[in-house]
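Paired with subunit B in one complex and with subunit C in the other, subunit A is shared by the two complexes that follow.
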Partner chain A sequence: MKKVHFLAAVLLCILAMSLVAQAQDLRHIEEILDNLDAQSRFDGSDFSAVLTMIVEDLEQGIEKMVVRQFRRDDGERFLLLIQEPVTQRGQGYLLEGDNLWFYDPSSRQFAHTSLKETFQGSDARNADFGSSSYSSSYEIEGYLEGTLGSFEVYIIDLKAVDDTVPFPYVKLWVTKDSNLVLKTEEYSLTYRLMRTGLFPKYTKVGNVVIPVQMVFIDELIEGNKTQISVSEISTNDIPDHVFTKAYIERVNR
Partner chain B sequence: MFLTMKVAFRNISRQKKRSFLLAGAIAFGMMIITLMNALTGGAVINIRDNFSHALGGHVFITGREWTDAGQMIMKIRPDANLDRLLEENSGQIAAFTRRSQAMPSLIFGSQQTLHMLYGVDFVEEERLVNSLVVIEGSLAEVGKRDDIIVLPEPVAERLGVEVGETVLIRLETLTGQQNVGEVQVAALIKDQEELGLSAAYTSRAYLNGLLGMEPHEYQILNMFVTDLDQVEQFARTFREGLMAPDEEEEQIDEPEVTVTVAGVPIDPVQRTEEVTPWEGTRYQVMNINQIMDAVELVVGVLNRVGLIIFLILLVVTMVGITNTFRMIMIERTKEIGTMRAFGMHQKQVKNIFLWEAVFLGLLGCLGGLVLAGLIALAVGSISLNADPSLQFFLDNSRITFALPGKDIVTNVVLVIFTSLLAAYWPARAAAKMSPIKALSSHT
Partner chain C sequence: MRILLTIAWRNIREHKVKTAIIGLIMIIGIMVLVVGNSFMDSAAAGIERYYIQNYTGHFMITGRTRGQLTLFGYQDMTAMERAVPRIPQYAEIVEFARSLPYVESINPQVSTTAMISRGDNMLGVSQLFGIVPDQYQKMFPDNVEILEGGFWEPGSQGVLLNKTVAEHLERRIGFALEPGDKILFTSASTISGMRIREVEISGIFQFKQSNVQLDMVSLMDISNVRALSGMVVGHSEPAELTEEEQVLLGDIDADSIFDSLDSLFAPVETEEDTLDEEYWLSLLGDTESRDLSNVEDTGAWQYLLVRLTDEKYLRQAQSDFANFFSEQNLAAETRDWLQAAGAMAGLSYGIKSIFNGVVLIIAVVAIIIIMNTLVISVTERMGEIGTMRAIGAQKSFVRKMVTLETLLLSGTAGTIGVLLGALILFILNRVGLEASNMFFEIIYGGPVLRPELSLSSVLTSFVVIIIVGIVSSTYPARIVMKTSPLKAMESSR
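What follows is the complex of A and B.
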């Protein structure tokens, strides 16, 4: 009888220890997510860059877009101004806190849109142009350790905590040593893979690490993908008036 | 009076050719106005019928509620109050449907197309199932399986999909999250685009799942009423019955139309409104007449244009009638003198002329109506292979004519009045003629 009690006690100890270890591991993953979000935010400085997008669409062919981005993460603001193609020149997106506006110079009208929407029919979404919010928008479902190419990575399964993000489920491949997202898989509510994101190249700007090459692949329509290259990066201060509707109206007049 | 009428009628038959030409001119005008009124009248009926068919009813109820995250979504939950109203007014309801709807991307291989998709309860919607013209496949499974889709043939052609193959449905949930479903093509149906209803159909429970709704919820309740004349009263009953106590009183007024046909809003004006979130579901009740108001306004303008053309024709004819009657007066000077010498009163002479004008007008009206009727019959029997957008004005590809009796009476009265007016002065001149002078006249 004593033997049985002893065995039960040992099993309970092992179970408790494994739970503690698991909790510690999850805490570690949570820290990674916090770190991912923190290192994607330009707190204390502004950010501007030129984004060159190559949109491959099987039906519409290949299209090049050039977009100038201005970002101020304090106050959740960004401005995306389309410079190419010429037919869309002057169109822009202005994020003011929770409100994202799309401006069309042909109608001179602002229309309310959402970070969840796709950007100009590409495979990128408006939310892809701001800082990430994995730690606040998702909860950890589980994780694995593995490799991606030659990188040691954590493969983290996330589930959205609310409806504010476009994809309810996300899988991240995050490097163990530097906490960089190398790959993402985004899933529908029915858990079908919808989009894969690849981030092969990063650059460090101050304390912030940003991907300078991104590839978003539409997993539902074979052959549709969007490549984004980031250049002309600057952290110089951007005047306040840039993040206004008036600026977007007159900038390409 | 009978004598004057008899003489007048005899006079008309004496100069058949002249009478025919005068009545013919009147008939032409009458024919034009009749055809125009009948054409617009028929178009209104067809548009109303086609709209009802496209929208799936005469009265439409939608529900809106706020999510915890402060987002307004469109859905109707099971509601005892709504069920009670349906029960209480069942005598006035010919049929009703509860549907969900979305405008998803339908994907097959590397092809995709945006298309209206209705989530329907195939068992409940026997009327819809019976109305679908199946080109390929079968509707036998539609009430038994949820993960199936019925596609219009042109959509299937665009996607390159065949019956039995699987199509992906990509859409956003009501709260904007991405979702994807897989459905098997059960049947290809004849496109009803000509009725503004190019839609695919799937099970409501399945579409609800993709939209993030419970299987028994829905987005729009469509009702066909038994008496279209009572549709506004019927809609008001539901509007007042479904109004939440905290809703503002002014909302009893009929709401602006926000109905969509195949996903396209009928109201082209985008309005921005400041709304304060509320608890529970708030309903909007709309009826077919609200949509038809705009159409009837256009038809009213057309009818007025037609009336102006008719009046111009009548004025021209009036001048002709006046001249003709002056000629008649001169021709019959001796005859008038004789009648006056035999004791006929001035008034009787005048009445003979006026009755002639009335008979001419009546003959013209009759001729115009007969001609319009024949043309309407001939045109109405032709099946037009018109542009799909024009099909909305047609009934099964045919032009239809409908003319209310009151319009005919109005037009006839107008013709008679103008004929009398045109003949009045020659008639008065004839009546005032001195019998002696008339008898000594050389004409």
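What follows is the complex of A and C.
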């Protein structure tokens, strides 16, 4: 009888220890997500850059877009101003908190749009141009350890907690040592793979780490893909008036 | 033959219960078949008639493309990813169309989908047909019922809002939209990105015969629809890519990319210049070339709808146009009305196929029941059949007798079934079947269906019943053949 009690106590101990270990593991993954979000935010400084987008479309061929990006993460603001191609020059996206506006210079009109929408028919979403919000917008469903190329990674399964993000399920490949997202797979509600993102190059600007090369692969239409490279990075102060509708109208005159 | 007929007829009369069971099954089967097929034929004919007369013409001419291109744009997985091609050498194609004696009228159109907003509020979505009112009304004189206002004046701009779309918008904003109100249309095109147009409502209308898909269609002036579709004179120059930009073109494999990397961090130069006001105001550089390239391409059309003087010229017309495109080396093609009509019309045809599948299952079940009843019938008459065989009746005579008996029964039941079906159809035609919901509206091809007896359904029904008769008599006939006359006579004692 004593033996039975002893065995039961051992089993309970093992179970309790494994639960504690699991909770600690999940806390570690939560810390990684917090870290990802924190290191993607320009708190206390502005950020501007030039984005060169190469949009590969099986039907339309290859198109090159040049976009000026201005970001102020304090207040969740950004302005994306299209410079090339010439037919789209001056079109802009202005984010003011929860509101995203699109400006069309040919009609001089603004219209509401969403961070979830695709950017100009490319494979990028409007949400890709701001800071990340993995810790607040998703909950952890599970994780694995693995490798991607020559990098040791955590493969983290996330589920969206609300419908403010473009995709309800995301799988992240995050490096163990430096906590950088190398790859993402984004899924629909029915868990169909919609888009794969690759982030092979990063740079450090102050305390912020940003990807300077991104590839978004359309998983619905084979051959459609968008690569984005970031250049002319600056953390200089951006005048307040740049993040206004009036500025977009003025710069288009 | 006369003897066979007499014996078969006598057997049918003598086995009244079995005759009644089999006959009733056949009568009901045929009645369902006649009514169902006539019903589907009437719906299909109705859909074809009203689409050709009111929306598509007999066929449409488009730029050559792959995929399911309809009058509503692409209706497949690539719908949001591709722009509908423009018709090449539009003026020459129109001239050729007008030279053909069997072409009654033509109508050019452009189609796009746009989100509708007013102020900060996104209100809904509408499919837009960009048209020239005179030409549109000339080709489709009876499809539009104006409820308020009217078409925009020639040379001006406006949108004739579909009543269903207007009602949806009004529910969102809380007040009624009227002619003269302005609303914003925003479209996303892969070629020109997003476009916004503020357009004045010139009127509110409804299509006289509509369905859920057509209820979403509003009519707009061609200039605004061209702008929303990115149909401008400017076009993107071929992209010039640096060597670095070309590295990731084509198929890439995530593992191999990350395998070859020593470090994830790339050295990037940061700009530290202080920027003055002039910099911020001249960011876009030259905007004049932008404005020039965004001028509307006034000769651009996506669809040319063609109506013929008679449907009998359809094949000839499609062939003539194909030859013309080939001779002129034009990347254009014709698509018939069903392809142009898109998913809703296709769905009605799909439902007909499902109905035919159900009919097939019913036929198989009927065959099994009839076969079973016939087996019992011939087993009961085994003694009689054995006696006939013993006094010299050949196997073929007995087989013919069983088959003829079934065919006689099927023929009689079939005729009664067809007559009853015709009666039901006559009543339904007089009463008219109103679609109680969206599903039935799609099947009916409109709000009311008045089914008519179709010759094809009568012929199909007779073919089916004869096949059922022949197939269901084979097994009982085989049982009779296998039994020796002596055994057969013994079983009757």
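In this text, the second predicted complex is superposed on the first by the 253 of 253 C-alpha atoms of A that agree within 3 Å, B and C clash if a C-alpha of one lies under 4 Å from a C-alpha of the other, contacts with A are read in each partner's own complex, and residues count from 1 in each chain.
Keep this in mind: a contact is a pair of C-beta atoms (placed from the backbone, for glycine too) under 8 Å apart; a residue touches a chain by one contact, two chains touch by 3 or more.
As the structure is a computational prediction, the values presented were derived from the model and not from experiment.
Novice: Taking subunit A as the common reference, can subunit B and subunit C both be placed on it without clashing, or not? Answer clash or fit.
Specialist: Because the two structures are overlaid on the shared chain, the partners are seen to clash.
Novice: If you tally the residues of subunit A touched by each partner, is the higher count for subunit B or for subunit C?
Specialist: Answer, by number of touched residues of subunit A: C.
Novice: When the two structures are overlaid on chain A, which partner does A:K116 contact: first (subunit B), second (subunit C), both, or neither?
Specialist: first
Novice: Just checking: does A:T164 make contact with subunit B only, subunit C only, both, or neither of them? Give me first, second, both or neither.
Specialist: After superposition on chain A, A:T164 lies in contact with subunit B alone.
Novice: Of the partners subunit B and subunit C, which touch A:S132 in the superposed model: first, second, both, neither?
Specialist: neither
Novice: A:R192 in the overlay: touching subunit B, subunit C, both, or neither? Say first, second, both or neither.
Specialist: It touches subunit B, and subunit C stays clear.
Novice: Mind working out whether A:T226 is in touch with subunit B, subunit C, both or neither, as first, second, both or neither?
Specialist: neither
Novice: For A:Q69, is the partner it touches subunit B (first), subunit C (second), both, or none of the two (neither)?
Specialist: It touches nothing on subunit B or subunit C.
Novice: Considering only the listed stretches 60-68, 78-86, 150-158 or 240-248 of subunit B, which one runs into subunit C in the superposition?
Specialist: 150-158
Novice: Could you give the residue numbers on subunit A that contact subunit B in one complex and subunit C in the other?
Specialist: 59, 220-221, 224
Novice: Over in the complex, which subunit B residues touch subunit A? Could you list them?
Specialist: Residue positions touching the partner: 67, 69, 71, 107, 109-112, 168, 170, 172-173, 175-182, 209-210, 212.
Novice: Spell out the residues on subunit A that touch subunit C in their complex, using ranges where they run on.
Specialist: Where subunit A meets subunit C, its residues are 52, 54, 56-57, 59-64, 68, 81-83, 85-91, 99, 102-107, 109-113, 117-118, 120-121, 148-151, 175, 178, 180, 182-183, 196, 198, 200-205, 212-213, 215, 217-218, 220-221, 224-225, 227, 229-236, 239, 242, 247, 250-253.
Novice: Which subunit A residues qualify as touching subunit B in the complex?
Specialist: Against subunit B, the touching part of subunit A is residues 58-59, 114, 116, 160, 162-168, 186, 188-190, 192, 194, 220-224.
Novice: Inside the complex, what are the residues of subunit C that reach subunit A?
Specialist: My answer: residues 77-78, 80-83, 115, 117, 120-122, 184, 186, 188-198, 227, 230, 232, 234-241, 244-245, 248-250, 252, 254-261, 264-275, 280-281, 283-285, 287, 289-291, 293-294.
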